[in-house]
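Have a look at these structures, which come just after this line.
Next, two complexes with chain A in common: one pairs it with chain B, the other with chain C.
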Partner chain A sequence: MTPQLDMLTTIKTILLDEWFLLDTWIVVTAALAAMGCAIPGTFLVLRRQSMMGDALTHTVLPGIVGAFIISHAMKTSGWFAATGGEQPYAFDAITYTMMFVGAVAIGALTAVLSEWVQRQGRVESSAALGIVYTSLFAVGLLMIRLFADSVHIDPDCVLYGSVETVWVTGDGVPRAALASGGALVLNTLLVVAFFKELRVSTFDPDLAISLGINSTAIHYGLMAITAVTAVAAFESVGNILVIAMLIVPPATAHLLTDRLWLLIVLSVTVAAASAWLGHAFALILPTLLLTPFADAPLLRSVNITSLDASTAGMMATTSGLLFLLALLLGPRHGLVIRRLHRGFLAIRIAAEDLLGVIYRNQEDPETVNPAILTDRSLTRRLAVWWLRRRGLVTGSSTSPVLTSSGHASARQLVRAHRLWESYMAHHFNVPADHLHEMAHRVEHFLDPELRDQIAEELDGPQRDPHGREIPLDEPD
Partner chain B sequence: MSSSTCQYRSGLRPRVSTGPLGTVVRFAHPFMVTGLLLLLSTPSNALPAVITSQAPASRPTMPLPSPVSISGATPATRSAPGKFARALLLEDYNTRVVVIGTLLLGIGSGIVGTFMLLRKRSLVGDVVSHAALPGIAMAFLIVEITQPGTGRSMPLLLVGALLAGLVGVGCTMAISRFSRIKQDAALAIVLSVFFGLGISLFTIIQKLPTGNVAGLQQFIYGQTASMTSGDVRLIALASLAVLGIASLLFKEIALLCFDEQFARSNGWPTGGLDSILMALVVSVAIIGLQSVGLLLVVALLIIPAASARFWTERLGPMTIIAACFGGLSAWLGAVTSSMFARFSAGPVIVLAGTLFFLFSMTFGTRRGIVRRLLLQLAMRRRVGRHDLARTIYEFLEPELPLLESSAHPGSGDPLCIPLLVLQDLLGRRTWSPKRLGRLIQSACRHGLLQVEPKGWRLTSEGARHARLVARNHRLWETYLILHADVAPSHVDRNADLIEHVLEPELIEQLVEAVMDRYPQMDMPPSPHPLAQGS
Partner chain C sequence: MSTTNPSDPAAVEPTSSPPEHPSSAPLAIHDMTVAYHRRPVLWDIDYDAPPGKLVAIIGPNGSGKTTFIKAALDLVPRISGDVRFFGEPYRQARTRVGYVPQRGSVDWDFPVSALDVVAMGLYRKIGWFRPVTRRYRQQALECLDRVGMADLARRQISQLSGGQQQRVFLARALAQSADLYLMDEPFAGVDAATERAIVAVLHELRQSGKTALVVHHDLQTVTEYFDHVLLLNMRLVATGPTRDVFTNENLRATYGGKLALLDQVGHRMTLGQGNQ
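This part shows the complex of A and B:
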């Protein structure tokens, strides 16, 4: 068996035979979190506040740590009975409430502070944002270190998530899935309820104000909701990687569609797809990456297939890959489509030029440079192929002959060319030796109505400025 | 377009023809020259020796353990204040090595950050630092696979980080150039996707036998304590290179920051300069990974530069101030974290920078809040005195003919004769008695009014001032009526706003435009009825 086939079999084993209920729960939790993030993220991307999303995912850290510290203090001081045993990291109702209160507060605080720095200090907006979120994040990191005794938070878990451990208990619905699902439901309800207001204030803030929509409230509301979603997702996706789920799926969808509701639906779909594919990639990445080096001393004692990468990290990477795919293959804005369109246009223009050359050659062989007729470039061959397929020319590619329909098309083209030359000479006094280049470019885009209009404007000229006959659209 | 916007001190066009040395001498900052001379005068492998040679000769240099543990290096017996002073004054060899490295980094990032702030690309540093993570992980994996055990070699890891950072910046530019995705989303996309890939690779490394990521983790959170002297030497060299390039190309980069079109039209290779600037940012961000950590390194690029902006309007001083702030916060952070184990260097450096920022924002001599408030207050006072003077004039105006006829010739302005009481002025504007009292006090302090036993009286200076203010007000009112077709009932408010800021040249023009209507008079009559006192 070849190594490639061997690797494929291994991947199949990992993904199909060793896919357990745990994996399903991981994907469900991660997908719920990602979908919840994609909804506010859509509006962040459209409002050009993506870096605000980045800032919020950083600044919720002090909010989370603060919530843990306060709830720990409440429990130890006896205000509330500690539930869930003596485990300090235990999630419970108090911690959860504190966390969401903290998230709303810190979301609004980030927005208010950066606006304050921007206004009072006259600092440029992105720099103001940078100052605020790095400072708040630094406070969060310091708090983790300083209160490490009372609050057992692993910064790694907060920052990169630990979706792999959501269902280690093995029974019931994971808590993280409930939190993320709740955020998703909340966001969906809010978007449905405020769809009109969000749409107007996103695309036309001035219209929103004139319609009496409070765009300040919408701005702060969006910030608070983003922070709440980030907190709901931090357990699964992780604090820093929430930014990927906030921005990348909406950006991907933005490459695919121009309609807002479709944009939201697509972002949510892309988010769910990146969660599922992300987990699959997390399982197979070590195999893909390390199998070629299996003989290296480092890996000799390792069972490569049993390794896996961080699901949250691979979710971000996968969403990036999906973005890249959309960037290349998007139906209207994709690079490949645009390149193809340009290629087709080039072939069409080359074909039309060829028609014109053959027509002029029949008209008066003296005027045509023979080298043009024997051109053998790829564009020329494609052009001949295109013309032949449409039945406009027959004969070999080096000496094509016009069919009757080809003759009609060529006549229209030459008519457009010479009419334009006359028009430019008549109205703009362009010297005779400059006319050809201009008409050569414009001739491909003059439709029959425009040709007739020009002819009418010039009183149906018979001859162009060079003294050649202007053919009629239809032969007499 | 004048190149003076670029604040050149010498000559209109940037010249580099005097050769690199001349340019260094002309533009180099003092610290840079010292650093370069220090570096050039010694073989590079003797750098630690150079540093120790600054210490008192009596102190023997202790052998450098690798990695250095700073907190453990200080004998526990020493008292806390003594310990702090020792750390602050860099008396410990280990602390000194780390602090000097961080200090250089702070200075370099302050300079580069200034340029980025002016080009409004502050957050690019964030993308670079996050994008560096997969580069570090890849470099580690490749080195460990090919040559086991040598994976934690700092230069190779940094090269990986550098390449990944450059790729990240390139991706950001490509996305915003070739698609409808805007710059901000492009930054966020590259940042998060690269970071996600980096985290995935880290989790794989963690599960490999030699994959003790402790050495790699320092790149995420920053940990000065684990620096070795080799690392510091690398940081120092790279920082000096950044300083050198920034100083050599200071004028060109300044031109790019202030007026890119002008630079291009003058034939400067703006694309190349932009790439050099990007390369500087990437280098600073990568160097900063180890001391501040990739999550916070962007703060070093933004905060010192933004702080410096409050103190000056000139680029040269701003760069130097930013370098000082960067160096100071880095020094404070490194020292504090060497003192207290729980204060990790990265956050402390950032928060020290934030404190400097808040201080600058409040007390900055150019754009600080306090200065602005003081200016506003002074303006409000001046406007108040103007209003008071005009009100007094308007109050006395009906009696002027009588006063003039009764005054002795040559005894000064007739406006100075009558005694004013509070009641005369109170109802003429929306003043409360308290505010009017304060205005009168302020006018007394400025010598416009003098206190009499039963009221106040205008001084001759005050009378001159009152005439001037009232004249300006009426000139503007009359001008509006004559030339702007404003109704006489509407001109008072408008003139009220503008009269305080009329320049002498403008007054002259107004006189020309208005006074030919009133040839015999000193000032135009009020075009509308004046408010009467209560």
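This part shows the complex of A and C:
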């Protein structure tokens, strides 16, 4: 077998033959978490409040810890029967409910506190957020230390999540998938119900208020929802990935479309794709990267095909790669398309310049530098190809001849050039030999309407400032 | 403030009480003072807008023109004064008031088309939980047509020229079908075609009995475009029909005569300095 084929077989083995129910649940849980985040994330990005997502995913920590402490206290004090008493970990209905209450409270608190710090502390909004969220996060870490007896949270798990252990054989639907799925459903319902209100209060908050839509309430609502979504997602994917999924899929979608509803759909799709591709890469990459070194002494005792990388990490990386792809290949704002546009513009300008040169050469060979006529550069050859395709010139590429339609185009261009020179000479106090350079650039961008407008303003000039004839658009 | 606080020594003065018979003028402002960070930027404004007229709000930079509009619309808090629209507080009169903010106040990269923006003017009519249906899109399109922009309806708004963006805002205000319009610098930086379109719309509005208050910066065109003027410079300098009030003397008072004392007192109020 060739090495390439061997590689493909390995990938196939990992993704199909060794794909277990666990892998499916990992992808489903991660995808639900990511999709849920992408919806409020879209509005954070559009409101230029991406930093808020970063902040909220950290500030929910004291909220969660507080929920644990309070529910533990409630249980030990006998207010409630300890429903989760038998379970090794303390997740039960009470703790869970408290966690979401804590998230909503802390979401609103973050927004209020950061606004207060910004107003009173004379700092800009991202600095205010930086102050608030690092402080609250540190408080959360401190609380974990102080109340270690009642709080069964591993700070590492909060940061990186543990999507790999989301499902144990024999479980039903994983709890994390239910929580994230719930958040996704809630967010979808809210965005459908309040689409108009979200759109107008994001685009123009003042107008929204004058329409009787409470922009402030929508702002705090969005913060609360973001916090709830982050809490639902934190135990499976961790808050670093939540930040990535709040920001990267919407930013990617923003490069791809100019319609808000499509932007939301696309960012949810990108989020789901990141989850699936991220897990697939996590499974494949270590094997692919290490196979060439399988015989190295260090790796000889390792079963390379059974290695995998962190799914959460690979998901964030994948979403970054998808963003990069959108940046390169986006339909309107993509770098490739913009490069192509510029390339085509350069060819068009070179071609039009050539038309002008041939025209002037016919008019008076004295005015044309012979070197320009015999130019053999790539741009020149592309320009001749461009003109020939449009039937504007015939003959060889070294001595092209204008066709009748080529002659008409050339005359329009020369008219544009000389009209602009006249216009400049009329309005600017510059010597005649300074006119050519600018007219040479501007001539390519004067449509018939603008040409007529200039001619009208100058009372239909016959000759340019150098005394050369200004041709008419249509010959008499 | 509509109630007087007996413990407030200033309340002894009768000036801060609401008018006995609220006027039914499109906009009636009584003793309005507006402050940013405790520093007053508009002092004691008393103003009744004449119905069915086009009114230019004129004043130098920093004279409080935008603040005037925003404070009337409850977008910035007033520290005193009573504002009524058609005899009612703004909350009740909202549907009758259209607002055209400054073009620079929004993010033009936002993913919406010109038509989407105009349809925003219809949101109140459409109501909560209902989508923008074909009927409303048709109405929005008609408003775009009135400003000569129907063929650009599907354009994303960042791909419109400044003048076209301004016309989209105007079309959105038309969609609100209000009786009073407050417009913040609609003529700022627009092309000749847009200027003509805006003037045509203003005339149309006046003809159907509506009132428009327009923040305007081009003194050359005031007499041509507007029936009334409101000269503003931290205080109301003068107001009335253009031919009576738009005089050199009043303009000098508006542009040259910034009351230095107002600034000084405002500054002391910001710092919280006492009488010592």
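To be clear about the criterion, the second predicted complex is superposed on the first by the 442 of 476 C-alpha atoms of A that agree within 3 Å, B and C clash if a C-alpha of one lies under 4 Å from a C-alpha of the other, contacts with A are read in each partner's own complex, and residues count from 1 in each chain.
The definition used in the following text is that a contact is a pair of C-beta atoms (placed from the backbone, for glycine too) under 8 Å apart; a residue touches a chain by one contact, two chains touch by 3 or more.
These numbers come from a predicted model, not from an experiment.
Chemist: So, does A:315 touch the first partner chain B, the second partner chain C, both, or neither?
Modeler: Touch status of A:315: first partner only.
Chemist: In the three-chain superposition, say which chain, chain B or chain C, touches more residues of chain A.
Modeler: B
Chemist: With the two structures laid over each other on chain A, which partner does A:263 touch: chain B (first), chain C (second), both, or neither?
Modeler: second
Chemist: Touching A:126 in the superposition: chain B (first), chain C (second), both, neither?
Modeler: first
Chemist: Quick check for you: in the superposed arrangement, does A:255 touch first (chain B), second (chain C), both or neither?
Modeler: A:255 sits against chain B, while chain C stays out of touch.
Chemist: For A:209, select first, second, both or neither according to whether it touches chain B, chain C, the two together, or no partner.
Modeler: second
Chemist: Can A:200 be said to touch chain B (first), chain C (second), both, or neither?
Modeler: The answer is second: A:200 touches chain C but not chain B.
Chemist: If we overlay the two complexes on their shared chain A, which of chain B and chain C does A:298 touch? Say first, second, both or neither.
Modeler: So A:298 only meets chain B here.
Chemist: In the superposed arrangement, which partner chain does A:48 touch: chain B (first), chain C (second), both, or neither?
Modeler: both
Chemist: Which positions of chain A sit in both the chain B and the chain C interface?
Modeler: The overlap between the chain B and chain C interfaces on chain A comprises residues 48, 254.
Chemist: Touching residues of chain B toward chain A in the complex: what are they?
Modeler: Within the complex, chain B touches chain A at residues 117, 120, 122-123, 126, 141, 144-146, 148, 175, 178-182, 184-185, 187-189, 191-204, 207-210, 221, 295-296, 298-299, 302-303, 305-306, 309-310, 342-344, 346-348, 350-351, 354, 357, 361, 367, 369.
Chemist: Can you tell me which positions in chain A touch chain C when the two form their complex?
Modeler: For this pair, the touching residues of chain A are 46, 48, 193-197, 199-200, 202-204, 206-207, 209-213, 254, 257-260, 263.
Chemist: For chain A, which residues are in contact with chain B within the complex?
Modeler: 45, 48-51, 53-54, 58, 117, 120-124, 126-131, 134-135, 137-139, 141-142, 145-146, 148, 155, 159-160, 240-241, 243-244, 246-248, 251, 254-255, 282, 285-286, 289-290, 293, 296-299, 301-302, 307-310, 312-317, 319-320, 323, 327, 333, 335
Chemist: Quick one: which bits of chain C touch chain A in the complex? Just the residue numbers, please.
Modeler: 70, 73-75, 94, 97, 99, 101, 105-107, 110-113, 116-117, 120, 123-124, 126, 128-129, 131-132, 156, 172
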